[in-house]
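After this come two complexes, each holding subunit A, first together with subunit B and then together with subunit C.
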Partner chain A sequence: MISVKNLSHLYNKEGKPAVNNISFEVEKGETFGFLGPSGAGKSTTQGVLTGLLKLQKGEVNVAGYDVSHVQNKRFNKIGVSFEQSNVYGKLTAKENLEFYAKLFDVETRDAQELIDLVGLSGKENVRAGEFSKGMKHRLTFARSMINNPELWFLDEPTTGLDPAIAATIKDIINAQKAKGTTAFLTTHNMYIADELCDRVAFIIDGEIKLIDTPKNLKLKYGQKLVDVEYLEGGKTKKETFKTIDEADRNKLAEVIKKHDIQTMHTKEATLEEIFIQVTGRGLV
Partner chain B sequence: MIKKILKVLQKDFKTSRRDFMAAYIIMAPILIAIAIAVFTPGLNDTTVNLAMLESDDAAHIEYMEQFAKVEVFESVEDMEARVEKRDDIAALVPAGDSYEIVVQGNEPEAVPGYTKVLEALYQLGATKEETTAELMSFGHTVPPLKTMFVNMMISMTVMLAGMLIAISIVEEKTENTINAVNVTPLTQTGFVIGKSLFGGLTALAGIVIGLFITGYGDINWIMIILVGLSSMILSLVVGFIQGLTSDDLMEAASNVKMLFLPIAGSIAGYELLADKWQWTMYWSPFYWSYKANLLILSKTADWPTVLLCTGMVIALSLVVYFLARPKIREGLS
Partner chain C sequence: MKLLSTYLKEMKIAFRGFYFYIEVVMAAIILIILLVAVKESPVSKEKEFLFYDMDEEIVDTFFKKAFEDGTMVRVDPVDFDVKAQEIEITDKETGETKTKVFEKETITADAIEVYNPDTGELDKTMFITDTEEDMIRLAYSEKTIGAKIWLDDSYKSHYVYYTQGYETERMQSLLYILHNDDIKVLNDTADSLTVRKLGDVEVLNNRQNLVPPFIVLMGSMMGYFIVIAYIYLDKGEGVIKAFAVSPSAVWKYLLSKAFVIMTTVTFSSSVITIPVMGLQPNYLLFYVLLWISTFAFAALGLFIASFFDNMTKAFGILFGGMMVMMLPALSYFIPSFDPVWMRYVPTYPLMQGFKEIMMINGDAKYVLTQCGIFLVGGIIVFLLANVRFKKTLTV
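Entry: the complex of A and B
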């Protein structure tokens, strides 16, 4: 569904690239996640893939179309949700969706149904300009589904939403996934990546560090952590040891020998911890 | 594609009705038209006004009424008082066997000239049937003030079309809805056409309504619409450029206002420059549209002249468009 080879993107000729020589493929029906901190180059990648940013270097094929040749009809198959919501403030929620629907050649979904789906029932006749940030974001998200896209771009779909609404959005994404929609999802939230994505790419400073399934990542990195709580000089101390690390292993043996252990268990690392291990940096 | 373009058009109409500034701009030509209609009564004539004495020969008065708007007065003093008023009127004062023509002095030469011809025709006993053609051709050399104002209103309205577009583009940019539209099957060209139609049709409606309000309902509409649409090309191009390069509404609108200079300059050039210097204004599309509109408004336009003017307007505007096209394309993506 998506094939990217050696993609690079520069905003200023002198500056360093926002995306630097990345390659990846997304299979039909797959939910592919771009996980990385803010400024990593996730939105830039989505921009090039959706044709909003001009392809500078590399080969990009999306939904069967080479993005270096502009062909607007490909968007009949594509849905795009933006990180920054972008709806007409002077139009109501419903007018926004109805206008947008008319721009497609394919069958579109009912505006009211989508409004209800994202929890904006009752607000359909309110102008989007009066919406809160989160409501605008949900309207932008709802709009991206209006043409029943085969390929769905989701830039930070849950960022800035309160947990209950974020859960609703996650459910919607999962439901679409069950219907076979292919999704390219960017996020700096490891839970989202973990719960929704079939495969995850770790991206930082415009470079992809690895691509794997969340499950494989946890198998590879996760079970090799040991959390220990022990008493030292009357105080409880807490430490985490990597069992793959020689020094850590020795330290752990030392602790067990010398101190009174209170709790000790191996634990499954979160994607964030794995991210830190792999890239040396956190997700914020 | 046409369906989508119409959707963009409809959406723009809807949003602009809800935007204070856009709504105001749409109303502006109508307000100007009302002002013209209220403050310049009696300037509507495409022929001259004549003041005559009640005691004059009834047949004389009747004859003159066929070609001029005749006002009848009791005394010469009343007549002279009338002539002193602001609009263009000539008084026919009996002086022995013949007549004297009394004017205020600030009238176009054609006013006494036309009166002289009328009087001569009357003396010769010419009938209306024989003379119409000749008299009409004199008519257009009489430039009534009102026609000039109305023509200026048309030029203004054309400029407003550009402002409307600029405002609507700035809004698409600040709300970033332009990116949402860019990921639909609607092409950039479709988007540009939709927006142009929005600005163009709004301005055209303003012109048509304004012409009715000011009492020009009986002109050649095909001609006026043709000239109106062609003169809008440049305004639209400027609107697009300003919309794409400005970051806020006021900035965009005031940049489009810069068009006012060439427009006012062209009007002034047409009205004030001597014939031998008229060519210095040929570069300006506004000059050509002003000229064509003036002929149409005074009902003396012929198709060859209108087509020549329209052609000049379109050609000059297209030059600007092609120079600006790379910038527009870049700004839209």
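Entry: the complex of A and C
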């Protein structure tokens, strides 16, 4: 569905490239995530893929179209949700969606249905200018699925939303995924990447450091950890042991033999911990 | 279809914003000013140009009594700056026509103020020239009547009147009655093909004469300004990006903006023009020129907007542009200020074009030529704006 070879993008000639020589492929039906901190080059990549930014260097093929030859028709099967919401403040939620639907040549979804879906029921006749940031973001998100896109670009779909609404958005994305929609998703939230993405690319400073499934990453980089709480001399002691470390394993066996164990559970490394391990930097 | 729904959506937004109302309210204010504060009467009735083809002492005897009783007062001579002209003079009786070509020059004429004997108010100013040609030129430039007066051997006075071609038959018969058959009414009409100036042959009264510059101000200039304002509203909201990732082309978005401006300007210009001009103008030509020129200026606005991220950054060039575009109004009102470069400022031919439309015997060919030029220019600028917009969409 998406094929990117050696893509680079510079905003100003003297400056550092915002995206530097990246390559990746996204299969049909796959949800592919770009995980990286702010300024890593995620939105820039989405910009080039959606044709908002001119392709400067590299080969990019999206949904069967070479993006260096602009063809508006391709957007009939593409949906784009933006990091910064962009709806007409002077139009109501419903008018925003109804107008946008008219721009497509394919069958579109009912505006009211989408409004209900993203939890804006009852606000359909309110002008978007009166919406909170989160509501505008949801409207922008709803708009991106109006044409039943085969390929869906989601730039930070849950950023800035409160947890309950973020969960709704996650459910919607999962439901679309079940219908076979291919998604390109950017986020700096490891949970989103972990829960929604079939494969994740770690991106930092415009470069992709690795691409793999969240599960493989955890198997490969995650050390299995065991948290143990036990009694020693009437006091509760807490310790964490790495199961891949021989000395730790022996110590753990010792503790189990000699002391009264109160709690004990294993813990997987999070994607963020793996990200730090791979790139040397955190996600914020 | 997409263009239509985009246009309808833009109109909806325009009606919910305030620029549309600003434009229409300003037009209404201008209309009120024109109707209340501007008198209809043309300036020309207050001036008269005379050439006495006789000795000065004899001329003095004409005025002696009036000078003594104070109904006439000699004041300082006046310098008139006259543009280069080509004047066609037709003899009303024989139909004989001759053309005279004149250079730009300064003509000095003696001035005599004439007061109403009953009220004591200033009636008019008579200007007495040294030559017949000076009289013809000044009468023509100042759009008023001129006369040559001479005495025959029996000291009987004879008048030759020079009128503008457009004076009514009634007015001309009046001159015949006044002087019986002692008079030869000559007709001079403008042939402005080679030299065209703002303020040539005028058939508009004072109030009507103000309509063309206001139309250009309210139409083209406001259109240019408002389209930029609209673009920055949209840039602020980022909606252009959403448009750019739809199957509809960016040019449809831009064109719908231009259409909104054209609709707004149709309202505002009609508010001014129809009440003041009534049925006199050729409205078909009027709206064609209005729409084409507004489109061209909207395209210019779009083009400029594509270079700057926000209104503040664009303000310098936006404001400078408006200032330059308003300069031709100076030439329009001050006939002696007419530098050649001014004619290349687009609003100059535009004001002239609207004036031709307002006049009874306006030059339709000139108007259509301007329509063609503005249409071609507008399309080129629009295409450039389209290219620019595609390049400046950012994530």
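Operating definition for what follows: the second predicted complex is superposed on the first by the 241 of 284 C-alpha atoms of A that agree within 3 Å, B and C clash if a C-alpha of one lies under 4 Å from a C-alpha of the other, contacts with A are read in each partner's own complex, and residues count from 1 in each chain.
In this section, contacts are C-beta pairs under 8 Å (C-beta built on N, C-alpha and C of every residue); 3 or more make two chains touch, one makes a residue touch a chain.
Here the structure is a predicted model, which means the values were calculated and not measured.
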{"item": "Joint occupancy of subunit A by subunit B and subunit C, clash or fit", "value": "clash"}
{"item": "Subunit B versus subunit C as contact partner of A:Thr213, first or second or both or neither", "value": "neither"}
{"item": "Touching partner for A:Thr44 - first (subunit B), second (subunit C), both, neither", "value": "second"}
{"item": "Which superposed partner A:Arg143 touches (first subunit B, second subunit C, both, neither)", "value": "both"}
{"item": "Contacts of A:Ser23 with subunit B and subunit C, given as first, second, both or neither", "value": "neither"}
{"item": "Comparing the two partners subunit B and subunit C, which touches a greater set of residues in subunit A", "value": "C"}
{"item": "First, second, both or neither for A:Lys90, with subunit B first and subunit C second", "value": "both"}
{"item": "Touching both subunit B and subunit C, residues of subunit A", "value": "50-52, 54, 72-73, 75-76, 78, 80, 82, 84, 86-91, 95, 99-100, 102-105, 127, 140, 143"}
{"item": "Residue numbers on subunit A that touch subunit C, as the complex places them", "value": "43-44, 46-47, 50-54, 70, 72-76, 78, 80, 82-91, 95, 99-100, 102-105, 127, 140, 143, 155"}
{"item": "Touching residues (chain side subunit B, partner subunit A) in the complex", "value": "3-4, 7, 11, 14-15, 18-19, 171, 175-177, 179-187, 333"}
{"item": "Subunit C - residues contacting subunit A, complex", "value": "1-2, 5-6, 9, 12-13, 16-17, 237-239, 241-249, 390-391, 393-395"}
{"item": "Subunit B partner contacts - residues on subunit A that touch it in the complex", "value": "50-52, 54, 72-73, 75-76, 78, 80, 82, 84, 86-91, 95, 99-100, 102-105, 127, 140, 143"}
